[in-house]
Amino acid sequence: MDIFSKLFEMTAFGIVTYKTVIMWAIAFLLLFLGIKKKYEPLLLVPIGFGVLLANFPGADMGIVAAENIELPDGHYKNLFEIAHDYGILNYLYYALIKTGFLPPIIFMGVGALTDFGPMLRNLKLAFFGAAAQIGIFSVLIVSMLLGFTINEAASLGIIGGADGPTAIYTTIILAPHLLGPIAIAAYSYMALVPVIIPLVANLLMTKKEFKINMKQMDKLYPPKHQIKNIKTVKIVFPIVLGTVVAIFVPSSVPLLGMLLFGNLVKEIGSSTSRLAEAANGPIMNTATIFLGLSVGATMTSEVFLSPKTLGIVVGGFIAFAISIAGGIVAVKVYNLFAKKKINPLVGATGLSAVPMASRVANEVALKHDSNNHILQYCMASNISGVIGSAVAAGVLISLIGG
Amino acid sequence: MDIFSKLFEMTAFGIVTYKTVIMWAIAFLLLFLGIKKKYEPLLLVPIGFGVLLANFPGADMGIVAAENIELPDGHYKNLFEIAHDYGILNYLYYALIKTGFLPPIIFMGVGALTDFGPMLRNLKLAFFGAAAQIGIFSVLIVSMLLGFTINEAASLGIIGGADGPTAIYTTIILAPHLLGPIAIAAYSYMALVPVIIPLVANLLMTKKEFKINMKQMDKLYPPKHQIKNIKTVKIVFPIVLGTVVAIFVPSSVPLLGMLLFGNLVKEIGSSTSRLAEAANGPIMNTATIFLGLSVGATMTSEVFLSPKTLGIVVGGFIAFAISIAGGIVAVKVYNLFAKKKINPLVGATGLSAVPMASRVANEVALKHDSNNHILQYCMASNISGVIGSAVAAGVLISLIGG
Amino acid sequence: MDIFSKLFEMTAFGIVTYKTVIMWAIAFLLLFLGIKKKYEPLLLVPIGFGVLLANFPGADMGIVAAENIELPDGHYKNLFEIAHDYGILNYLYYALIKTGFLPPIIFMGVGALTDFGPMLRNLKLAFFGAAAQIGIFSVLIVSMLLGFTINEAASLGIIGGADGPTAIYTTIILAPHLLGPIAIAAYSYMALVPVIIPLVANLLMTKKEFKINMKQMDKLYPPKHQIKNIKTVKIVFPIVLGTVVAIFVPSSVPLLGMLLFGNLVKEIGSSTSRLAEAANGPIMNTATIFLGLSVGATMTSEVFLSPKTLGIVVGGFIAFAISIAGGIVAVKVYNLFAKKKINPLVGATGLSAVPMASRVANEVALKHDSNNHILQYCMASNISGVIGSAVAAGVLISLIGG
Amino acid sequence: MEQGLSNALNVLIVGMATVFMILWLVVIIGNLIIRVTNKYWTDEDLKKSAPKSNHPSASKGAVAAIIAAVEIVTNGRGKVTKITKQ
Amino acid sequence: MEQGLSNALNVLIVGMATVFMILWLVVIIGNLIIRVTNKYWTDEDLKKSAPKSNHPSASKGAVAAIIAAVEIVTNGRGKVTKITKQ
Amino acid sequence: MEQGLSNALNVLIVGMATVFMILWLVVIIGNLIIRVTNKYWTDEDLKKSAPKSNHPSASKGAVAAIIAAVEIVTNGRGKVTKITKQ
C-alpha cells in the first residue's frame, strides 16, 4: 500500500487538470503546424515542444513569473539560484531571454544571411518599407481601446512588423508576461503570409495594378546611375547606416547594430568569413533552439488561457493586414504622382517576413502576367521592412518603456 | 636572495605533496586509457586533463566545495563572484554543471544522433531494457550496507545504468561531492563493455542459447504487422512518448524531454536539420569539452583519495555486472514460456552503452555462429536501456532527492 | 510642438559631443585598417564595431566601470542585474571577459590549430623564444618612469609579448580600465609585424648574417637524433610540458593549460577530432566575436581620450621593437660561441605573432638569398615565443597582481 | 540503518515497477502509433514519397556509382539528395 | 484612458515620422555611398578584380561544367573558387 | 617611486629568469620525450602505421590525382582518408 502511494505521488496524475490537457492540445497543434504544415518549423517546433515541457505538471519546466526571482531588498536571485530553484529552462530564460540577449544575437545571424544588394539597386523602393509599419501603430491604438495597457498594446502591435526577433525583443522589454502568445502569433502569421498577402492585395488592387511590369518601367525610365563597385558599397553601407540610425533612434541599436555587424562581417568576405559563418551557423542555430524552447516554456496554462491571448491572435492578424494595406496604399498614392509606376505588390512586401513575402508577391504577379518577374523589386522593400520594424520597435521602447 | 625567494614563492614546489603526485598519476592513467586504449576518449581525455589542471597546486583550477559559495544569508555567490574568487573552471562548473544544465544538453545531442528505428521494428525487445536496470537498484542496497548514505548509494547505483549523462545528472542532484569518481567509473566501465558483457554472458548462458538465431525466429514466427510509414512513426513517437513518460515520471523530463526533442528535430528532416546539426555538432561537442574538464576538475586529492572512491570503483563494476545479468535472466525466463525464442545477448544489451554493447553482443553471437547477425535486435533493447536508466534516474531523484 | 520635442528627446542629438565624434573617427579608422588594410581583421573589425556601438550616446552599449557593479556590502551585482541595468554588451563583458574566461577559451582554439612539430624538430631554437620577451619587462620599467602604475606598466609591457589573448588576459587581471587601448595596440602591432621586423632587423643585422643558411648548417652539422615517432611525441609533449610549467608558474595555467589541452585533442587525432574541431571552429569563432565586440565597447570616450592611451601606443611599439631586438641579439651572442651559426632572423621571430612573424622573416631572408628558406626554423622560435609570453604573463600576474 | 534499508528496498520495488511500466508503455505506444499510421497515413505519403525515391533520368547502377563516388570524394560530408535531368 | 489614447496617438505620429525619416535616410545614404564609390573607388578595384574572374586556362564551358559537377557532388558545400593551370 | 622601480627591476630579473628556465625546460623535456619514444615506441607504431599509409589497390599516381581532384572539388573540405578496393 505504502509503495503504491509512493508510486502515485511520484507521478503527475494528481495535478493534471483540464487546463493542462488544453495546453497539450495547443502544443500538439503547434508541432503539427511546424512539422506537417511547415509553418516556420525552425521556431514553431522548439516553441511547441517548449509548451509541452512547460505543461508537464511536476516536471517544473515552466517559466515562473518575474516576481519569483525578486528578492525583498530590491535585488534579484542570481542565475545559479534560479537554476537551482526552478530548473534549466528558467535558467535559459532568465540568462538568455529576459536579459534581451538572444534576439540581437539572432539578428546578428540574420544580418550575416542578408543581402542588401537588391535594396541598394532599387533604393527608392526602400521607402515603402516605412509605410508597411502602419499596422504596428494602428493596432497599438485599437488594442488599447479593447482594454490592453499601453505596454501590452505596443507588444501586440509589433506583431505587425512581421519580424520574429523584433517582436520578441520588444515584448521582453515592454510586456514579458505576453511573450509566449505574441511570439507564436508573430511566427504563425509570418508562416501565413502566402494566405494573407493575396487576401489583402485582392481587396485593394485593381487588375491593371497587378500587371504593372517593373522591368518594363526600368526600360522606359532607366535609373540614373549604376553601381560600379557593389562590394565597397555593401561594406560601407552597414557602417554608415548603423551610425546614422544610432544617432536618431539609439534604442534600436541592440537590434539594428547587431544586424548590421553580422552583415558587415559577411560582406567583408574571406578575411572575416570565420565570423560570418559562426554568426549564421552555430550561434544562430543554438540561439534558435534555446529561444524556441524557453519562449514556449513561458506558456503555462495560467498565462496562456486568458482572454488576452484571444486578443493577441485577433490583434496580430489585424496588424499584419493593416501593414500590408499600408504598403499597398502608399504605392498607389505614389503612382498618382509619378510617371514611372510601381507595382503595389512591392509595397505589400514592405511588411518584412523576408524572403517569403517577396516570393509570394512574385507568384501573385506571375499569376496575372507570366512575364512579370518582380522578385528583386519586392526584396528591396522587403529588406527595408526589417529596418523599418526594428526602428519602430526602438521608438516603442523609447517612448513607452523608457 | 630576495629574488630567489620570490622565484620560489611563485612556483608550486612548497605545496606539492605526495597526494598531488598520486593525483597526477591518476590523471596520466586516465589520459593513457583515453588516448592509447581508446576508452571513451571524448570524455576521458577532457576528464583526465581536468584532473591534471585541478591538481596543479597554486593554479587554483580545482573545483571548490559548495560550502565556499554559500553566503551567510542563505543565498549563494553569483557567477561573476565565483569566477573572480575561484577561476574559470569553477565558473564553468557552477554555471553549467552544478545547475544540472549540461547533461540534458548532451542528451539533446544524443537524441539527435539516435535512431529509434531498430527499437520500433522490434518493439517487444524494448521490454528487456527494463530488466537491465536491476543493477542500479540492487547496488543501491548493497552500498548502503557498506556505509554509503542513501543519496550516495543511489548515485553509485546509477553507474549500472551505463549511461554517462544520466549518471552525471543524478549525481549532481543527489551527491555532487562524488561527481568525479562516479563519472570516471561510469565512462570507464562503458569503455570496458567489450570485456564485461562476454564475461557475464559466459557465466550465465548455455552454448545453445548463444546460437539462438533471431532472423530464423522471425521467419518461423513472422511479426504481425510491418511499419508502412516509418517516417511518420518516428516523428510521432518522441512526442507521444515524451508526454506519457512525463506524466508518470516528471522528474525524468529534463533528461528524457531533451533526448526526445533532439530526436524529434532530427526525424523531422530537412526543415529542422539546422537545429539537429547544431544539437549534435557544436552544442554537444562544446558541452562535452566543458563537462569533461570541469568534472575532472572536481577530483582534487581531498575528494578523490578517500575510501569511498574504492567503493565506487567496486560498486560500479557490480552494478554493471548485475544489470547485464538482469537482462540475460529476463530473456531466459521469457524463453521458458514463449515459442519464439530470443537470444539472451539481446537482454544483455538492455544495459545501454549505445551502440558499443550491441556491437559487442553481435560479435559474441557471430563467434558462436558466423551466420547469426543479431545487431539490429540488440539495438532495440540497447536504445530502450537508455530510456530505462533515465526513468530509473527520475525515480531516484524523485524518491530520494525530493 | 510636443511631438517634435518627443522626437528630439528620443534621438541622441542632445548628447553627441566632439569627443563622441572623435571616437567614431577612431572606430572608422579601426574598421578601415581591418577591412581595407587587412590588419588582423578577425579582431579589429569586431573591436572597431564595438567602439562604434559603445559610442552611440543613448544606446547604452558602452562598458561601464567596475564601480557600477559593486554593491555596498562588498558583493557584486549578478549577471541578470548587469544585463538589466547596462544592456547586452555589459552582460557579455562581465560574464565572459571580466571573468577572464574568453582568453583561455581562445587559447584552447589556438592550441587546436598549433603544430609543435617545427619546434620539436629544432628544439634548440625554442630557447630564443625566451630572449624575445625582454621587451615586456624593459617597457614595464620605462613606462613606470613615465608615470604609469606598476599594474598599468605590466599590462603595457605585455604588448611586447605579441600575443593577443595573453595581452588581454593579463590586462583584465592587472589593469582592466586599459583593456581597450592595450588590445588594440597589441593587435595593431601584430598586424604591423611585416613593417617592424625588417625595420629592427636592418638596424641590428649585418649582410652576412642575413645570408646565414640554416639548411646548409644542418648539413654541415647534422642533428644528433631524428624523431622516429612524431605522433607519440606530439601527444606526450603537451601533457608533460603542461605539468612542468604548472609546477613552476602556476599562474600561467589558465592560458597555457588550455592551449596545451587544445593541442592535445588535436594531436590525438580522429578519436577526439570532434573536440578539436569544436575548439578551433565554433567555440573560437564565437569567442572572437564576443571578445572583439566587448573589448571594443570598453573604449568609451572617457576611457580612451586620455594621455595614457598615447603612452600605450608609443610604449607598445617600443616593447615590440625591444622584443625583436632581444631575439636578434641573443642569436648574435650565441653565434659568437657556436660553430653551427643561426640566422638572427630566427631570434626575431621569438616575438610570437604566429605565423606572420615567420613568414615575414622568411621573406626577408629570401630577399637576401633566394635559396635561403628559413620558415621551418623561424616557426620553432615563433611558437616557443607564445609559450614564453604566456609564462611572462604568469610571472607578472603572480608578482604584481597577487 | 534498518530504516534506511527498508527505504532502499522500497525504492528498488517502486523503481523496477516504474521502469517496467514505462518500457511496457513504450511497447504499447509504439504499436499504437504504428497501427494508426499504417491505417491512416500510408497511402498519401507513399504517393508523395514515391517520385522522390525515383531517379527517372539515370539508371540504378549509375546512381549507385555517383553516390559512392561522392561519398568517397567528400568523405561523407556531401550527399547526393537529388539528381535531375537538365 | 483618454490620456492613454492621446499618448498612443502621439506614439503613432512620432513612430511613423521616425520610420519614414530613417528609411528616407536609407535612400539618401545609399545613393550617397553609391555615388562616392562610383567616383573614387571604381578603377582600382576593377583592375584588381578583373584577373580573379578570369579562368585563363580553361574554356568557359568546361568551367561551367566543373562548377555544376562540384555543386552536385558536394551538395552545395564545396565551391570552386579558383582553377589554376599546373 | 624608487621602491616601485626596484620592484620592477626585480620583476624583470625574476621574469626573464623564469622565461629562460621554462624554455630551457621545453628543450630538455622535448629531447627527453623524443629519445624515450625513439627507444620504446618506434617499432610497434611503425608496423601499425605502415599499412595505413599504403594504398595497396591503387598506383601512387592515381592516388595523387584523386587527392588533388578531391581537394579542388571540395575546396579543401573533403579529404581522402582511405581508398579501398571493393
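A, B, C, D, E and F label the chains in the order they appear, each numbered from 1.
Keep in mind that, in the parts below, a contact is a pair of C-beta atoms (placed from the backbone, for glycine too) under 8 Å apart; a residue touches a chain by one contact, two chains touch by 3 or more.
As the structure is a computational prediction, the values presented were derived from the model and not from experiment.
Chemist: Fewest touch steps from chain C to chain D?
Modeler: The fewest touching-chain steps linking chain C to chain D number 2.
Chemist: Can you check which chain pair, A-E or B-F, has more C-beta pairs in contact?
Modeler: If we tally the contacting C-beta pairs, A-E comes out ahead.
Chemist: Counting only C-alpha atoms to place each centre, which chain is farthest from chain D?
Modeler: Chain C.
Chemist: By mean C-alpha coordinates, which chain is most distant from chain B?
Modeler: The chain lying farthest from chain B is E.
Chemist: Taking the mean of the C-alpha atoms as each chain's centre, how many Å separate chain B from chain C?
Modeler: About 39 Å separates the centre of chain B from that of chain C.
Chemist: So what's the Cα centroid distance for chain A and chain D, whole Å?
Modeler: A distance of 33 Å separates the two centres.
Chemist: Quick check: what residues of chain C touch more than one other chain, meaning two or more?
Modeler: 6, 10, 77-79, 248-249, 281-282, 395, 399
Chemist: Multi-chain contacts in chain F: which residues touch at least two other chains?
Modeler: In chain F, 10, 14, 18, 73-74, 77-78 touch at least two other chains.
Chemist: Can you list the chain A residues touching chain B in their complex?
Modeler: Those residues of chain A that touch chain B are 6, 10-13, 16, 24, 28, 31, 34-35, 38, 41-42, 45-46, 49, 52-53, 56-61, 77-81, 83-84, 87-88, 91, 281-282, 285-286, 288-289, 293.
Chemist: Touching chain F in the complex: which residues of chain C?
Modeler: These residues of chain C touch chain F: 119-120, 123-124, 126-127, 129-131, 133-134, 136-138, 140-141, 144-145, 150, 153-154, 225-229, 231-233, 236-237, 240-241, 244-245, 248-249, 384, 387-388, 391-392, 395-396, 399-400.
Chemist: Under the touch definition given earlier, write down the residues of chain B that touch chain A in their complex.
Modeler: Residues 69, 75-79, 82, 94-95, 98-101, 104, 108, 235, 239, 242-243, 246-251, 253-254, 257, 261, 264-265, 268, 271-272, 274-275, 277-279, 281-283, 395, 398-399 of chain B touch chain A in their complex.
Chemist: Using the touch definition up top, name the residues of chain D that touch chain A in the complex.
Modeler: 10, 13-14, 17-18
Chemist: Can you list the chain F residues touching chain C in their complex?
Modeler: Contacts found on chain F: 1, 4-5, 7-12, 14-16, 18-27, 29-31, 33-35, 37-38, 41-42, 45-46, 49.
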